[in-house]
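Two complexes are shown next, each including chain A; its partner changes from chain B in the first to chain C in the second.
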Partner chain A sequence: MKPDATVRIFLLFGIAVTAVLIILPAIQAIVLSFQSVNSFVVAGEWAGLANYRRILGMPEFWRDLWTGTCYAVCTVALQVVLGIGSALILHAPIRGQALFRAIAILPYILPTVVVAISFQWMLDGNVGIVTHWLKALGISNFVWSDSSFAAFATVVGVSVWMWTPFVTICVLASLQTIPDELYAAARVDGAGPFQSFRHVTLPGIRDVLVVVVLLRGIWMFNKFDVIWLMTQGGPLGGTEHLPVLSYHMAFRLYDIGGGAAVATLSLILLTVALVVFFRRFPIET
Partner chain B sequence: MTRFAQPPKLSRRTFLAASAGAASALYTPAIRAQGAVTLRLMNTETAIASIEAMKKIVADYKALTGVTVLFDNVAPADEYPKLSSAMRSGSPYDMAALGFIGDVILLADQNLLVPMNELVDKYQWGPKILFPYKGNKYWLPYDYNFCMIYYRKDLYSAKGLKVPNNWTEYLGNAEKLKTAEMAGCFHPTGNTGATQWMSTGFHFAEGVQFLDDKLDIVFDKGDNGKKAIAALDYFASLYPNMPAGMAQASWAQSLGLFSSSQVAHATYSGRLIEVLEDKAPDIAAKVGAFPYMDSTGKQKAVTHGYDGFVVMNTPRAEESMKFMTWFAKEKYIDWLHAAPVHQQPCRLDIYDDPRWRSHPMLQKHAELVAEMRGFITRPDMTIASIDTQGPHANLKAAKVFESLAFNEMLQNATLKKMPSAEAVGIAAEKMRRATAT
Partner chain C sequence: MAPVSIKGLKKRFGSLEVVKGIDIDIADGEFVVLVGPSGCGKSTLLRMLAGLENISDGEIRIGSKVVNDLPPKDRDIAMVFQNYALYPHMKVADNMGFSLKLKKMSKADIAPRVDRAADILGLRQLLDRYPRQLSGGQRQRVAMGRAIVRAPQVFLFDEPLSNLDAKLRVAMRAEIKALHQKLKTTTVYVTHDQIEAMTMADKIVVMRDGVVEQIGTPLELYDRPANLFVAGFIGSPSMNQIRGTVRGGAFETTGGVCLPLSGAPKTADGRVAIYGARPEHFMLSDDGLPAEVTVVEPTGSETHVMANLGTTPVVCVFRERIRAMPGDTIRIAPLPEAAHLFDADSGRAIRAA
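Up next, the complex of A and B:
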């Protein structure tokens, strides 16, 4: 067999897997969004744009879009800032560097369900260890689940804790590609640490950062598990975003067409955001 | 010098042979299994004792008939997605334990269930459990899972309290038992099924209806609306006596806080007794229970979280029905004994069956079990849940349940301090939107 034939076989295999596992389900979801259907088992009835009209008229949709956008922006911003900071620390030649790097990655390799339940118990208003610490500090009436804002801040905090290591790893890898000579030259030119960071480090990690922000933005906008496990969208819808709304409609309210319409609208909005992002931050080749 | 070995060449013949080998290895068990009857059962009782009991039951059936029953354990909240995806994948379940009547109706409407009239009609049943639909009984129920209010007899005795008969008395008891270390009562308000199960009792005892005979939402209408507002006002007055974090609380917190003496009243089914016997046996001996009550003391209520088995309309439905018939006759009590107090029988003959009564935990808590049995016979008792509202089984009630409108109403009243009339109105509108499709 010729080498190019082998490549073709693997390419075809990749295309087939992508088609079966990604493209076909996406097309099916889009088709479902135009149907009135309450089960995955029987065929639905064609409903045209009725689901979209209904969804766009729901106050919950606009509230959840806003919540999801805030959640994605807050979590990605914090992950990037903290990820760069921790990568810079881990990049420095310190004793036990390998150990610190391993510890820094730990949150990322923990299963989400473990993290969510652990934080729930740590923050429990009665028996949680954080509650006891707060009481020791004289703060006795903080209950994270009793206000929409506190619950939102909590899921943002947990998400940042869990996924910052991804940014750290990527930035750390990128930092190692910046030649030391550039820093030496900057020092010769009189640059301090901040100026070195601004004029050497940031340009050096720019392309990686663009990809990281892109990936984390997509993942956080579509992030379902941590919110569902911790709050199920509550209290008072304060942590409900589009993936939760879509799941709730499709799998709880037997409104699969409506759930699919929410998912399709989410896909369209994300695609538009990606196009804008790429125009603003083109990846240099 | 480092030598890199050339990777072996992948010929077309090698690729096809490897693919065929892998496919046959994967498919061989399926081919072998075609020789014998194999049934698939979806079990939603995920406690270890229930899983062990089911293992024993299917092993006994295999020994008796040669029929293999494979079962998967699925969290109740995922029962419908799991059933649907199994059907779509081409390997449907033949039987399933379900705990939500909306799922039963939806499956029946799609001709995916086999009526179980002949089997169900062999037995006598308690009220509000069969949920006949379009003239057929589509499931074999096995428990009621009544949610009631537990109290500590020793604490009541120390404070000179009596079992409350109306709202004022219950609130008074909760206030008197509340200390810096112990909250007065536990009624969650979060976005989980625990809220609809543990916090709707006061509304039902007061006579609040969610749907009328025409299946219209009447939660905020007329006298019914006034009752809903009054019950919500009452719930809000109880709230200061509850532990912190009710908007996040669920089943586990009720068990945990009561068994660690951090709450004076807890809401749960008989499962609480089983947990106490395991984790805090000293408290288990001091526990009593009473139903939810109305404002005047005339009416009581318990909310039910029923469960039952359905037979799916697969090519093996006849074999499945044979299994269920055998199960109902021979193994029903074994199954109930897996959670003896929690799985309160809805089949009336069970209560007088010496085999069922012989379980040590049922004997130890005979007084409580008698109280629980009274819930299904007392004339002043309402047995209700949001998802079974309406004159007959219907999908609208299931959607009202899943809309979480009731949960958000409680959150509005307790977290936002919204006036009850406004909160009830918002909840009713949300119910209408959820049932419009």
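Up next, the complex of A and C:
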């Protein structure tokens, strides 16, 4: 077989999988967003922009957009800061380095459902260990799921705990590509630890950071499982963002056209954000 | 510019001693090359001079100041690294001016100094480029520019030419030497390449296993190596080292061939020794010793001939083009006055007092 043919077969296979699993459902969702559908069995009717007009007029949409944006920004920022910090620690030549590195990636390989349930137990208002500790500190009757802010902070905390290792691994790999000579040169040039970080480390990991922020941004903006498992968007919509809203409308209220319109709007907004991001932080070649 | 003095310098990594008590005096403006095989401690020594490695024992002075505990930036040195170590995200001009920027010098003060260094090195057109847009030789020059901009007391070079191809290396060698003649800054240069050492140095320090084997001018080391190691390390092809016994003012190899000596001390008579003869100190002569040719390597300017002198393999270099073929017998005579004699046990040179 010619190498060309091999390449084509692999490419075709990849395109086929992408088409069936991603592109067709996406097109289907976009088509649905222009229809009035309230059943998964009966075909919908063309509704034009009615769904969009309705959704843009819903205060929940704007609240959830804001919540989702806050959630994505907070989690990505914390993941990046903590990820860089832990990567720097794991990069240092310390005893037991391999062990610490293995431990550090553990949260990332746990199933989300396990993490979510574990944290729910720990935060349980009656038997949770955190509740217990809070009591010891004199704070009693604190139920985390009663307060919007506490619930939001919790989903952010769990998300950060769970996905920081992704940033850590990427940054750690990238740190290892920075030659020691550059740090030596910076020392000879008179740079202290902070200046070395600013002028050698940061530029050295910049390209990886751009990609990491991009990926984590997309994932956190679309993240559904953690929030759904922990709060289902509650209390009183305090942790509800667009994916939850879309799910809620489509699968709970059987407003399938409306749910699809939310998803489509979410896709458009994210695409615009990514274009702006790439304009601002081009990946250097 | 400043003299550098190194006294009793030691470096230990745990229980492993890699620099074992070194004394070197470097005069103001001198170009000193530290040379030796890999692992001899030369780079560690340089890094200690730079302040990148702690000193386990001993003392380093730059000028009149003991710098043992000073950080690199306060030692008034500049260093050129093997892989150039240019900051990849900074343009050439920013790379060169970085140390001055860290010293909080104003842009208006930095620019003329960068420009002057760029003029010296012919980097004017490259100031706005990034390191990745430069060739190996240009990067090397920028690294030197970064050193020059600081106008330091001492330049430190750590195998700066190792990553360049052979032709460029020769060209840069001459350029660095010319630069030193222009700036007259004290320079310590580390290399494993004895030709670089020979061609560039005012003074060579030959190191092995963390100790200094010999210090001297290039020709001193070449003409009067203190021991077998220096004799073998300096010069290419290497000096022939032939084992045998000194007998009645001549040298008898273990194979029974008699080689001429001149001026061997009387005390050497009867001693087991090594006879050292540089390849170019064999002459073709009708009354020379018969030797069977095994390999002929014409380089154009000279001819390298490997031959067996009795059972002893030797390498000879002739300026002439000789037409010998492998298997032929040629007659060669070593120059007795250029012959070296070394003690077989200690490896030290045996010389008339």
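The working rule: the second predicted complex is superposed on the first by the 284 of 285 C-alpha atoms of A that agree within 3 Å, B and C clash if a C-alpha of one lies under 4 Å from a C-alpha of the other, contacts with A are read in each partner's own complex, and residues count from 1 in each chain.
Please note the rule applied: contacts are C-beta pairs under 8 Å (C-beta built on N, C-alpha and C of every residue); 3 or more make two chains touch, one makes a residue touch a chain.
All of these numbers come straight from a predicted model, not from anything done at the bench.
Superposition note: with chain A as the common reference, chain B and chain C can be accommodated side by side.
When the two structures are aligned on the shared chain, A:R206 is found in touch with chain C, with no touch to chain B.
Applying the stated contact rule after C-alpha superposition, one finds that A:L182 touches chain C and leaves chain B untouched.
In the overlay built on the shared chain, the residue A:G237 is in contact with chain B alone; chain C does not reach it. Using the contact criterion defined above for the overlaid structures, shared-chain residue A:A98 touches neither chain B nor chain C, since it reaches no partner. Of the two partner chains placed by superposition, only chain B is touched by A:R54; chain C is not. The superposition of the two structures on chain A yields an angle of 150 degrees at the Cα centre of chain A, opening toward chain B and chain C, reported in steps of 10.
Judged by the touch definition given at the top, the superposed model places A:G190 against chain C, while chain B stays out of reach.
With chain A used as the common frame, chain B approaches chain C to a shortest CA-CA distance of 24 Å. Counting contacts as defined above, no chain A residue meets chain B in one complex and chain C in the other. Taken together, the chain A residues at the contact with chain C in this complex read 179, 181-182, 184-191, 195, 199-200, 203-204, 206.
Chain A contributes residues 1, 5-6, 9, 36, 38-42, 54, 58, 120, 124-127, 131, 143-147, 151, 231-237, 248, 251-255, 258 to its touches with chain B in the complex. Looking at the complex, you find that chain B touches chain A at residues 9-12, 15, 80-81, 84-85, 87-88, 102, 106, 110, 112, 183, 189-192, 243-245, 247-248, 253, 256-257, 260, 262, 395, 398-399, 402-404, 407-408, 411-412, 415-416, 433-434, 437.
Those residues of chain C that touch chain A in the shared complex are 47, 50-52, 71-73, 77-79, 81-83, 85-90, 98-99, 102-103, 146.
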